[in-house]
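Below are two complexes that have chain A in common, paired first with chain B and then with chain C.
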Partner chain A sequence: MSDLTGPAPVTALGGAAFEGYVRVAEEPQRAMFTLRGDLSATAMKNAATGLAGVDMPGQGQAALNAERMVAWMSPDELLLTLPWAEHDKACAQLDATLGDPMLNWGDVSQARAHFSLSGPDGAVREVAAKLAPVDFSPAAFPQGSFRRSRMNQVAAAFWCPAPGRIEVICFRSVADYAFRLLSDAARPGSEVGLYA
Partner chain B sequence: MSSRLAKGGRLIDRGAMRDFTFNGKRMKGMEGDTLASALLANDQVMMGRSFKYHRPRGVVASGAEEPNALMGIGTDGHFEPNQRATTQELFEGLTAESQNHWPSLEFDVGAVNAKLSRFFPAGFYYKTFLWPRSFWEKVYEPIVRQAAGLGRAPKDRDADTYEHLYTFADVLVIGGGVAGLTAALEAGRAGAKVLVLEQTAHWGGRAPVDGGEIGGVSAEEHIAALVTELEGLPNVTLRLRCMGAGVYDHGYILGYERLTDHIADKSGPRHRLWRIRAAQVITATGAIERPLSFAGNDLPGVMLASAVRDYVVNFGVAPGDRVAVVTNNDDAYRTAFAMKEAGLDVAVILDAREAGGGALAIAAREAGIRVEPGRAVAKVLGGKRVTGVEICAQAGSGSTIETIPCDVVAMSGGWSPVVHLWSHCGGKLYWDTEHAMFRPDPEKAPTSHDGRAFVRCAGTANGEMLLSQVLKDAAAQGHAAALAAGFEGTPSGLPEVSEVAEIPLAPVWIMPAGASYDKRSKAWLDFQNDVKVSDIQLAAQEGYESVEHAKRYTTLGMATDQGKLSNINGLAILSDSLNEAIPQVGTTTFRPPYTPISMGAIAGQGRGETFQPLRRTPLHAWHEAHGVQWEPVGHWRRPYAFPQAGESTHEAVNREITTVREKVGLLDASTLGKIVVKGPDAGRFLDMLYTNMMSTLKPGRCRYGLMCNENGFLIDDGVVARIDENTFLCHTTTGGADTIHAHMEEWLQTEWWDMQVHVFNVTEQYGQIGVVGPLARQLLELLGTAEISKDELPFLGWADRLVGGIPCRLYRISFSGELSYELRVPAGQTLALWEALMEAGKALGVAPYGTEALHVLRAEKGFIMIGDETDGTVTPQDLNLHWAVSKKKEDFLGKRGQLRSHLSSPDRWKLVGLETLDGMVLEDGAYILDAGQNDRGQRNMQGRITSSYYSPTLGRGIAMALLKHGPDRMGETVQVTKLGAEPVAAKVVDPVFYDKDGEKQDV
Partner chain C sequence: MLLLDCPCCGQRGEETEFHCGGEAHITREGPSSDDAAFEHYMFERVNPRGVHFERWRHVAGCGKWFHAARDTVTLEVWGTYPAQTSRPPEELLEKIRAARPGFKWRDIA
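== the complex of A and B ==
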C-alpha cells in the first residue's frame, strides 16, 4: 500500500530552523530505507546503486548524488535515501530487486529526524564536534564521510555531503532534543575557531 | 605595605583601569591584573581566613597552586565560591568576597579556634566525636559542618551555559611555557597535528620572569617568535586559558577552557570541556615552588619567592616594601634582584645552606645585598601581616640571633616538577636526591592500548631545572612524540642559551633543623587545611606510617588545592619521623582534575531542556494542547489522562474508562515496540524467543506471545502478527522496544548466527492508535474504512485499509476486552489520522484516554502488565499463562529454567484477583499476611498485590495479586496490609472481573 495516499506526511518539527553561526535546519521529508544482507551480493548492489545512481560506498563512506545517497551502516547494512517523490516507486523496485529472502529492506523514511548544518565549513564541523565523539576535521571527515555515532545522549549518524554542510539523522521521537542541542551548539558567541 | 609600582608590569595595561569590589569595597586595578595582583596593589594583603583555625591568610602563590586566596566570585546566578584570586583575571565590575569568616575578614569570631589549637590536633574529629555514638549524626556533625567549610554554596540556579568539544590530535602539548612551545614546534614541524593547551592567558610560563637569553634575544622575545611560528603552521592549534585537567586511558584527555571568567560579558558559554583523543601527550607543566616550614610561615606577607617576583615583574606590584628572602637554593636570589631592580628594599637573604649559594649569591653580595648563609627564620613576627623576622642558625634549635623588620618574606624550599598529569594514567616517579624532587621515570610511563608509552614530560616538568636543559629536553620530547605518532621530522638545532649556573640546593624540611614543638606547631604544611609539621609528626607517632593513612588522618593535601604546596614537604616530614628515606615512603596518588573544574563544564549541555532526551510521539503536541497529564514512561511521555475543565484526574480516568466501555475511546499506542522479523528462519527464530508457537501462525493473523529470559522469567509480552511467509511483526512493551530489539540481535549475532533472519526496529516509523469500544467499527466506517466487519476482519486478524484516506494496518487486537482496532499509521500521518478520528467521532462521543484508563481496563479483564505483575522473578506459570507456554516445542528461551525445582514448585505465589469486602481499593504493593513470624521476627507473608485500581465499571476496588497456592483458594478471605492501619480483609476471586468469556472483543 502506498504511503503517499492521504495527507502529505509531516516531519517531526515541521521544518524548524535556527540561524546561529551556522544554520541548523530540519530537512524536508526524504525517502529512507534500511537494506540488510550481504553487501557483496549483486542484487544488493543493484538495488542500492540502481535507485540512487551512485557507486557502492566503502566503510565509513556515503556515496552521494544530491538527495540520493547510499551509506555504509555496518558490514550487512546500507542506508538508502531518495527524493520523497520516488518513495513508492522505490518500494516496488526494492521488492522486485531483492528477491533473495536474505536480502531484506525496511522503510524508515518517517522513523527519523533529519537535520542539516550549513555555513562556513570550519564552523559547521566544530558545531558537530561539540556533540559527537567524531573527528570532524577536514582531513578525517572529508566530503562523502559517514559516521554512526551519537549526539550527546542519543544515537545519530552524520555525513558530509559537501564542504560547508553536514547532515545528521536521529530517531524521530528525539527530534526536539536533537534540534535544541544543535541550536545551542550553533549559538552565536560560542564559536571555537577549531577549524578556522 | 603592598602597592602598585610606578613602572613595570609586563602583563598589565596601565592605560586601562578596571573597577572592582572586594567585600563590598570599591577598588581599582588594571587590565591584565589577576584579582590577587589587583588586591595587592590596593594594599589588601590579607585575603581570607583558614579552614580550621580561621587564621588570617594572604596570597602565597601567583598561580594555580594557590591555597589561601580563595574567593567567592560574581553575584547571583554567576556566583561561584572557592575561586583562586591568583588565576582570576580582573575585569570591569568584578565582585569578589573573601571566605571563612564571620562577621568580617578583619574581625572573625572563629579565630578563637586558633587559640584552642592545642585541643585540635591531628585526628581531632576521630578522637573526640566517638562517644556517644548517637550524637554523631544529630549533634556533632551539624556543628562541625556549620563551623567548617570553605565558601558558601551558590543560592541561585547557575545562569551560565557550558559545552563540550570533541577533538583529536597526533600530539597534545599541555603547558605553553618555553618547553611546551619548543616541543610543540618540533612536533609541528614534523607534520603532526598538534594541539597546545595553556592554562593561563599568556604564553611563555616562567621564563620571561626568570630571565636568560635564548638565541641572542630575551626569553620573552624568543617565546614571541615561537608563538608566531606555531601560529603560522596550519597543523598546530594553540589555546590559552585551557587547562589540561586529566589524562585517562587510551590517550583520552580532558581540557578545561575558561571562556568568560575573565570578562564582564557573560553571554557566551562559560566553560568548554575539551574531550581530546591524542596519540601522544607531552606534559610541559613546569614546576611548583615549595614553601619552607618555619614558625609563622602562614602569616599574610609570607609568600613563595617566585610569586614575589611574579607580582613585581608581571604586574608591577610590590607585595611589600622590604623583603626578607629565605631559601635553600640559588633560584630564590632572583627575587632579591627583582625587588632591588624595582627600587624596593631587600633586608636580607637567609640561605639555609651552610656554604651559601653560587654565582647568584656572589652577584647579590656585589649588588650590596646582605646575604646570610647558614641562617634560617626562627619565627615570623606580626599578626594580620608580617612585620619582621627573627633569624637563627639553620643548624640549631632556633635561638634568635637578630630581629629584622620587613613586610614580605619570600621563601623557597626548592621546586617540585608538576608530575600530576604524568601520574594520572599510571606514570611512575623516581626521587632525584640532588634536586630533592620526584621526577617522572621515563622507564615507567603511562601506556596505551598497544603497551607503548603515550605520555612524556618535557622541560621543568621532566625535572630539568636549567634553561638550556629545558630547551634540549623539550625539543627531544617533541621530536620523539611526533615520531611515536608516526611523523618523522628532522630535529631542529638548539638555540644558544645564556644562563647563570646554579649550585645544588640543600634539602630543608623544617627550619631550623632542631625546631622546638612550639615552632613546629606554628610551621604550616598545608595552608588550606591547617595542617602543621607537628600534626604529621603526631600522626607518625600514632602509627599512621603509610603516607595515604597519614594524609587522611591529618587531612594533609585534601583541600581544594590537593596539596600542591604541601604534599612533598609533608611526606618529607613523615619520612623523617619514620626514619625512612623519602622514596620509601612514596607519594600519595595524583588524581584528575589538576585543579577543580566546574560541575557545569562536566554536565555540558546536559542541563535544562537538554538534561535528558525526551521522547515524543507524533501526537505529543496534540496531547499537550488538550490538557494532558503526562506520565513518564522511560524517556517517553505518555498521556496519563486528559482531565476536562473542573474534573479531577480520578474523575477523568473514570470517564475515560466508561467512554471506552460504552462508546469509543482513542489511545496513543505509538510507543509500543514494533520489530519486523524477516527471513526464511523467522518462524524458527520466534519459536525460540517466545514461549508459545509462532511458526504456526497464518499470514493475516495475530497471536499474543510471551518472552522469557534464559532463567525462565517473563521479560516481555505482546502481539505478533504474521505478515507473510517470511515476515513477522512483533509488538513489544514500550520499555521493551529497544531492549528486545537488542536481545534479538544478540542471539542472532552470538548464538544463532546461522539463522537466516533480519530484524528491523521500526517502532518510530509508525504511530499507532487504538480505536477501542463498542462503537469503534462505526467510527472507522464513518471515515470510509471498508471491509472491517467481523467476517472480513475477524478478531486477531489484521488487514491494510484506508482510514480517512490514510493508509493504515488494522490489527484486531484488544487490551481492554472491547471491540478494538489498533491502527498502525506512518508517523508523519499519525496526527492527521488522530484528528480525523476525533472529528468523525464527535457524534459518537469519542474521547482520548490515557495510560491509567488503559491499566484499569486491562485489569478488569485480568490481563497482566509487564512491570506490574512481573518484576523479573515471575514466570508465565505464576500468572496462570500455561496456555501460552508450549509443551510441544523442543526448546525455547526459558524452558530449562522453568523446569528447575524452585520455578516449578507448587508453592509459588500465583495470580489471583482480590475483592475487598467493603469495595475499597487496596494499596498497590501491599502484602498478604500469613500466620506466624520468620526467623528474623518479621511477620510471614504469603503474597502481594501487583495491581490495584478503582473499577468504575464494577463500582468498586479490584486488585490482582500473587498468592501462595492462589488459584486453589478461590473464595477464601485473606488479610492485606495497609500502611498505618489494621490489615484489610479481601476475598480471593478470579482475576478476570469483566466479560470472562471474551464476547465483547469478538464482535
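== the complex of A and C ==
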C-alpha cells in the first residue's frame, strides 16, 4: 500500500491513455465513498447531496456536476465522488453526519480504478457495448444513466456524464486488465458501427 | 440465453450478469424438525421440464437476490419477483396458467 500512503495518491496506472477510435484514459484520483443504508432516510440523503451539491439520483441514475457525483448503486447503496482535494474534509463530515449505526459509509477512493471513454457518441457507446452485456443505445442509456454490470470477467459500473463520454469504474486490483480490455475494444480498425 | 429483469434495481440484464441460486420457496427446517422434514429440505429438489421457480442473484449488478419463474425447455421468462415472499404472486401464476394450462410445480398449480 506504499503508493497509497504517500503525500499524494498515485492512481493504479499513472494516468495511462490510449488513442483508438475513441480515447481511453485513466482519470485522475477522486475521493470516492460508498454510503449504505436506507436511501429514503433524511440523514442519508443529506449526507450525499450536501457534500456533492447535486440532487438525489433516482433508480439507475447518477446526479452529476463535474467531478461531483451521487450515483444509485442498489436499493440500499449510493456512490459519492468528490474532487480529491475535499477527501479529508468529506471523511470528517460523513463521520459527523452518519451517526446512525444503520447508515454506514466507507472510503473507497483507493479501492477503485476510474476510466473514461471519449470521442464520437456512437463510437463511445459501441466500445462500452463490446465489453458489457448492456444496451448502450442513446434511448436505453441516456445522459445521466448509471449501470452496474460486468466488463468481460470483472465487475464494472458505467455512467454517461455527457454525450460522447462514458466513464467506467472497476476494482483497482483489475485496473490493468480493464484498461487493456478497453484499449483493445477501441483499437483502430475494429469499428462495428453499432450505434452509427 | 435468458433476459431477466431485476426487481431490485429495475435493470434488464442477460443471464451472465446473474447467478442462479437453485430452487425457490424452500422451507428451511430447523433443529426442531423431524428427520423426514429435514431430509426433504436438505436433499429433495425438483428438476422439472417446463415451468420452474428459481432464486437468482444479480451478481454483477445490485447484488440482490430475487425470484424468477421461467420455462426450462423454451427458456421463456414469465417474470421476476422480490425475494421476500414464500409464494409467487398471483398475477404471475395467472400468466403462467394462461400459457401452460394445467402446469404443476410442487404444490403450486
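Brief remarks follow.
Everything that follows uses one rule, which is that the second predicted complex is superposed on the first by the 190 of 196 C-alpha atoms of A that agree within 3 Å, B and C clash if a C-alpha of one lies under 4 Å from a C-alpha of the other, contacts with A are read in each partner's own complex, and residues count from 1 in each chain.
Throughout what follows, contacts are C-beta pairs under 8 Å (C-beta built on N, C-alpha and C of every residue); 3 or more make two chains touch, one makes a residue touch a chain.
Quick caveat: nothing in here was measured; it's all calculated off a predicted structure.
Contact with neither chain B nor chain C is seen for A:His114 once the two complexes are overlaid on the shared chain.
When the two structures are aligned on the shared chain, A:Arg68 is found in touch with neither chain B nor chain C.
When the two structures are aligned on the shared chain, A:Arg150 is found in touch with chain C, with no touch to chain B.
More residues of chain A lie in contact with B than with the other chain of the pair chain B and chain C.
Contact with chain B, but none with chain C, is seen for A:Tyr177 once the two complexes are overlaid on the shared chain. Looking at the shared chain after the overlay, A:Pro133 reaches both chain B and chain C.
Contact with neither chain B nor chain C is seen for A:Arg30 once the two complexes are overlaid on the shared chain.
Looking at the shared chain after the overlay, A:Arg125 reaches neither chain B nor chain C. Shared-chain residue A:His87: touches no atom of chain B or chain C. Applying the stated touch rule to the two superposed structures, the overlap between the chain B and chain C interfaces on chain A comprises residues 133-135. Chain A contributes residues 59-60, 73-75, 77, 133-135, 147-150, 155 to its touches with chain C in the complex.
Of all residues in chain B, those touching chain A in their complex are 161, 163-168, 193, 237, 267-269, 272, 275, 277, 604-606, 609-610, 612-618, 635-636, 676, 678-680, 726, 756, 758, 760, 762-766, 800, 802, 804-807, 826-829, 831-832. Only residues 8-14, 16-17, 60-64 of chain C touch chain A when the two sit together in their complex.
Interface residues of chain A, counted against chain B in their complex, comprise 1-3, 5-12, 29, 34, 36-37, 101-102, 104, 106-112, 126, 129-135, 137, 139-140, 152-154, 171-177, 180-181, 184-185, 187, 189-190, 192, 194.
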